[in-house]
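Same chain, two partners: chain A is paired with chain B first, then with chain C.
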Partner chain A sequence: MVDVAMSAERLNRLGPSRWATLPAVCYLIVVTQLPFVATIYFSVHSWNLLYPARPFRFVGLSNFTFIVTDPIFRTAIENTIVFTAVPAVLTMLIGLGLALLVNRLTFGRGLAYSLLFSPFLIMETVNPIIWKTMILNPIYGLLNFALTRFGLPPVDLIATAPRIAIIIMIVWQWSPFMMLILLAGLQTVSQETLEAAQIDGANSWNQFRHITLPHLVPYVSVGMLIEAILILPVFGPIYVGTYGGPGNQTTNLMFSVYKTLTEQYEIGRAAAGGIITAIMTTVVALVLLAYVRPYMERN
Partner chain B sequence: MRTRRNASLTALTFVIAIVLCFPIIWTAFTGFKNEADAIAVPPTIFVPLTFQHYWDGVTGEYVHYLLNTIIAVMTSIVAAFALGLPAAYKLAFFPGRKANDILFFALSTRFMPGVAVIVPIFLLYSKLGLIDSMFGLVIIYTALNVPIVLWLMRSFFKDVPYELVESALLEGAPHRTIFVEIVIPLSKAGLATTAFLLLILTWNEFFFAVNLTGQRAATLPVYMASFFTTEGQSWARMSAAAILAVAPVLLIGWFASRALVKGMLAGAVK
Partner chain C sequence: MPAAPTWDDIKKFACKINNPSEHIYGIIMKGIPDYGQLAPFITFMHSYGAKWFNMKWQPQIDTPAFKKAFVAYVDLLKSCGEPGATSVGFNEALTLMSSGHGAIWVDATVAAGMLADPKSSKVAGKIGYALAPTEGSKNGSSWLYTWALGILSTSLHQSDAFQFVQWATSKEYIDLVAKTEGPLHIPPGTRISTYQRADYVKAAPFAPIVLKAIQDADLTKPAKDPVPYTGTAQVNIPEYAAWAADFGQNFSAVIAGSMSVDEALKRSQASAVRVMTAAGYIK
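Moving on to the complex of A and B:
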């Protein structure tokens, strides 16, 4: 071990110059960090492109206070939380179930992967097209055909429970992702430990409860971390599926910033909405990361 | 008893897999129907089928958006590899003290929501005439792809035996030679996996595309969104278009799913 460490030290001195990493880092700074700093700058100013006569002026935090007090933006903040937390939990449960099932397959594993992975490959604007028309359409959709077949009353989810419709779309798309992560976890469960437990007379529930599940905790945490960060700015299903409606029932922060920017041209307010979204993402990331870090460091 | 249970669980797994895939299968099937049959209640299965809608798709404006998407995806992947591979090489073999900082900085840029940067980019692009240009879109997509190249390729490079790099270096081989002749040839599978993943993510990217492009430079996700707004009533036509839009990624995903899974997990777990 000491040898390796020493040779690593020596190699580092022989390593390529900083020109290897500099272009990539600079590129990321220019394309992502500078705009972010500019967003902060715009967020404390009032500026509307539709009214060029109005001065571009410093307004302090009033864009932010507007957002947290305005009922539409408040709904957007609430929906951002709902559309992140609920799918994160549901995909974790569904993904776990799928992973457990796929993990015990003795044949056709490749086919099962391909089928189960498919929803994740569907683009986020095609996903809501499929659900809104083929499945959830109140007149021609398959869901109501099935419901009436079983003597149940038809539903119009997009009109009466649009949030549930959006959540269904997100969960459908992201469950395969969670399945993959948990499958990786399941494949590293020690078979010896499981066999030893079996010999000691533990039934399969107890094996799952006391060996498999604890082993999966870090995978669940990492999966939920990545997923929460990627689902929080969900956009396609809302843009195509409901356009934020009916009213603004399904508007999230991402969508309200889009509308503020492209329909009202309120630069300052859109920027403030962007900053709030970034803060929420960071908080989610930090909380989950604090939870994940012990496991990462142990490895 | 045990085998019986296994068999039924296997059957259950495939039933669930087909149910989850069913919306896609049904959409593909709807694309083959006539418009009247596509919206028939109760849903129809045994009806005359036609290739017309798929044919209209591949001979219509779909092609324009398909080409745009291919250009945006390919250019941004090549650019991201050009920027990211040398960095990944350094981070894998000569990490130094700042390696973790660089990696986490890159990751944080990837995870930043688009709305946190869109306002200034939108304004700047309007000023520079980059709105609705492929070039403008590629700039952003490259930035989205670089962090993934760094993370995944660093972990794939780490699978290359350290001693190979070390001995070549001690014999005085320049980094360029080591990189091109040793590291890259031994990481082909990793390169393919990373390219596949980037292809899927960029192909499906919607937020920046809808904000920064119009008719000229729009990609397939934008095309599908506008198709739905303008022709959402023609289910058969729309279904065919939707399937054509997702088909390339779906086929590659099926073909590569096992390698992809392995590669993504290697990058995530290490």
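Moving on to the complex of A and C:
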């Protein structure tokens, strides 16, 4: 009797929450999965909008093999990896530094935090304009103004080192995000453990290395996970900043897909590029998630 | 500056005025990889007597004539033009000119009105105008590009859309612009009647030469030699974007200094041949 009553109670408790979320779940499926299924459908067909007379025909995996063998797409895949991995590491280091500094502030912390966080709130397409036009421009940019003041020769990063310019733009925008996450981590470090370590004679570096850093590992992982998912398909800095760069030096997969779609109107190939981007993102996310999960379950 | 200069004249003047230490550059030239902004280079190339295709639709990108034009463009840019050209498209060039950093700029006629507006240009009133330079071929030395209005054949409101199109290109609209924004901001390329308005001719000293440039531009004769294609800023075939995009990227790489001229021409020729063969123009 007791068992039946309990399970009926449990069912009643679960029931509303199950079917109350159903509309939202249906909406999510329609809005995110249906377009994805359509993309998969297009990616195994050949369809060029410039030639409506050509038949819309099934071509299996040939769009995918084109992308992994074509030298321009290969460069795009390499650049995608570089433009995701390097900013992930750099934003972690810079974000950690900023979080440590902000954590120590007692006076003016709110102001410092708001100012430091503001790059993250700028639109992805305004970010490159600030860098390309205001700072990196070889004629009237602030960087060359500062360099010539100190007697150094002017540089043109966008022409000579375009990848570095793109990485700077991405890192500038995403370091505040890591700072946000790591600051949350720093503020939950157990003060008693730190004090105990201090009493035992540990200096501040050892306290940092053995208590704070291990505590921050799950925060770093979560931050990198989110960054990997959101930075991998980066488009704004490349489209506005370098338009794929001199030659194809800063073309990444997303930009290649954009150009295939809008310049060559090859729908099937562009869809295949989109699917490959999604696969890359999913692989990175699963690897990082597997790393993070033990910490999340422990908490 | 003669009313119809040659590119030799332009080079002479630009290199004389060029003063990089004062941030004054003889000529502002585009070097951006975006193929849609390639029109100044394309007309430069055509005015030098080169062409995209011969009568058999074979790409002519690695011919000596094309290379001569390409090298001339890059040399002029590197010796008497602005640095950082790989970031310079129309808007950036307009910024440089209107802030007084450039002496010469060869680009769309619409820029005349923008540079003459004292609200956004520091050099308003100090600009003179000439026809597009040539270098042995008047054909193809200027382009005709238009921003047009179209109505989708699947639209359910076609007559309403047509009414809008009629209004937007009407004399009444011109009157409205003249009244609210001033005669200088009248769109220069919509109606011939604009050029008979006394207030426009008075406010826009460039009006007669813009009209002559528009009327002289001939899309059907893009090159000195007979060619199978029409179109000056772009080539009127659907495959244009495919090889022009690759050309734009290589062109920008040469200006950035990361690719040699020969390598860029070889690659662009190869991709043009590939696209044209796949499209069936050449066997």
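The rule is simple: the second predicted complex is superposed on the first by the 281 of 299 C-alpha atoms of A that agree within 3 Å, B and C clash if a C-alpha of one lies under 4 Å from a C-alpha of the other, contacts with A are read in each partner's own complex, and residues count from 1 in each chain.
Operating definition for what follows: contacts are C-beta pairs under 8 Å (C-beta built on N, C-alpha and C of every residue); 3 or more make two chains touch, one makes a residue touch a chain.
Values in this document were obtained by computation on a predicted structure and should not be read as measured data.
Peer 1: Any idea whether chain B or chain C touches more of chain A?
Peer 2: Greater contact footprint in residues on chain A: B.
Peer 1: What is the contact status of A:Val82 with respect to chain B (first) and chain C (second): first, second, both, or neither?
Peer 2: In the superposition, A:Val82 touches no partner, neither chain B nor chain C.
Peer 1: Of the two partner chains, chain B (first) and chain C (second), which one does A:Tyr113 touch, if any: first, second, both, or neither?
Peer 2: The answer is first: A:Tyr113 touches chain B but not chain C.
Peer 1: Of the two partner chains, chain B (first) and chain C (second), which one does A:Leu121 touch, if any: first, second, both, or neither?
Peer 2: first
Peer 1: Scan A:Ile139 for contacts with chain B and chain C and give back first, second, both or neither.
Peer 2: Both partners, chain B and chain C.
Peer 1: Of the two partner chains, chain B (first) and chain C (second), which one does A:Tyr51 touch, if any: first, second, both, or neither?
Peer 2: A:Tyr51 sits against chain C, while chain B stays out of touch.
Peer 1: A:Gly247 in the overlay: touching chain B, chain C, both, or neither? Say first, second, both or neither.
Peer 2: Touch status of A:Gly247: second partner only.
Peer 1: Quick check for you: in the superposed arrangement, does A:Lys259 touch first (chain B), second (chain C), both or neither?
Peer 2: second
Peer 1: Touching chain B in one complex and chain C in the other: list those residues of chain A.
Peer 2: 133, 139-140.
Peer 1: Which stretch or stretches of chain A touch chain B in the complex?
Peer 2: 7, 11-12, 14-16, 19-21, 23-25, 27-28, 31-36, 38-39, 42, 98, 101-102, 104-108, 110-126, 129-131, 133-135, 139-140, 142, 145, 172, 175-176, 180-181, 183-184, 222, 226, 229-230, 232-233, 235-236, 239-240, 253-254, 257-258, 261-262, 267, 270-271, 273-275, 277-278, 281, 285
Peer 1: Could you list, by residue number, the parts of chain B that touch chain A in their complex?
Peer 2: 6, 9-10, 12-14, 16-18, 20-21, 23-24, 26-27, 30, 39-43, 83-84, 86-87, 89-91, 93-96, 102, 105-106, 109, 111-124, 139-140, 142-143, 146-147, 150, 165-166, 169, 175, 200, 203-204, 206-207, 210-211, 220-222, 224-225, 228, 232, 235, 238-239, 242, 245-246, 249-250, 253-254, 257-258, 261, 264-265, 268-269
Peer 1: Going by the contact rule set out above, which residues of chain C touch chain A in the complex?
Peer 2: So the residues of chain C in touch with chain A come to 23, 25, 32-35, 82-87, 92, 95-96, 99, 101, 238-239, 241-242, 245, 249-250, 252-253, 255-259.
Peer 1: Residues of chain A touching chain C in their complex?
Peer 2: Within the complex, chain A contacts chain C at residues 50-51, 132-133, 137-140, 154, 156, 158-160, 162, 242-249, 259, 263-265.
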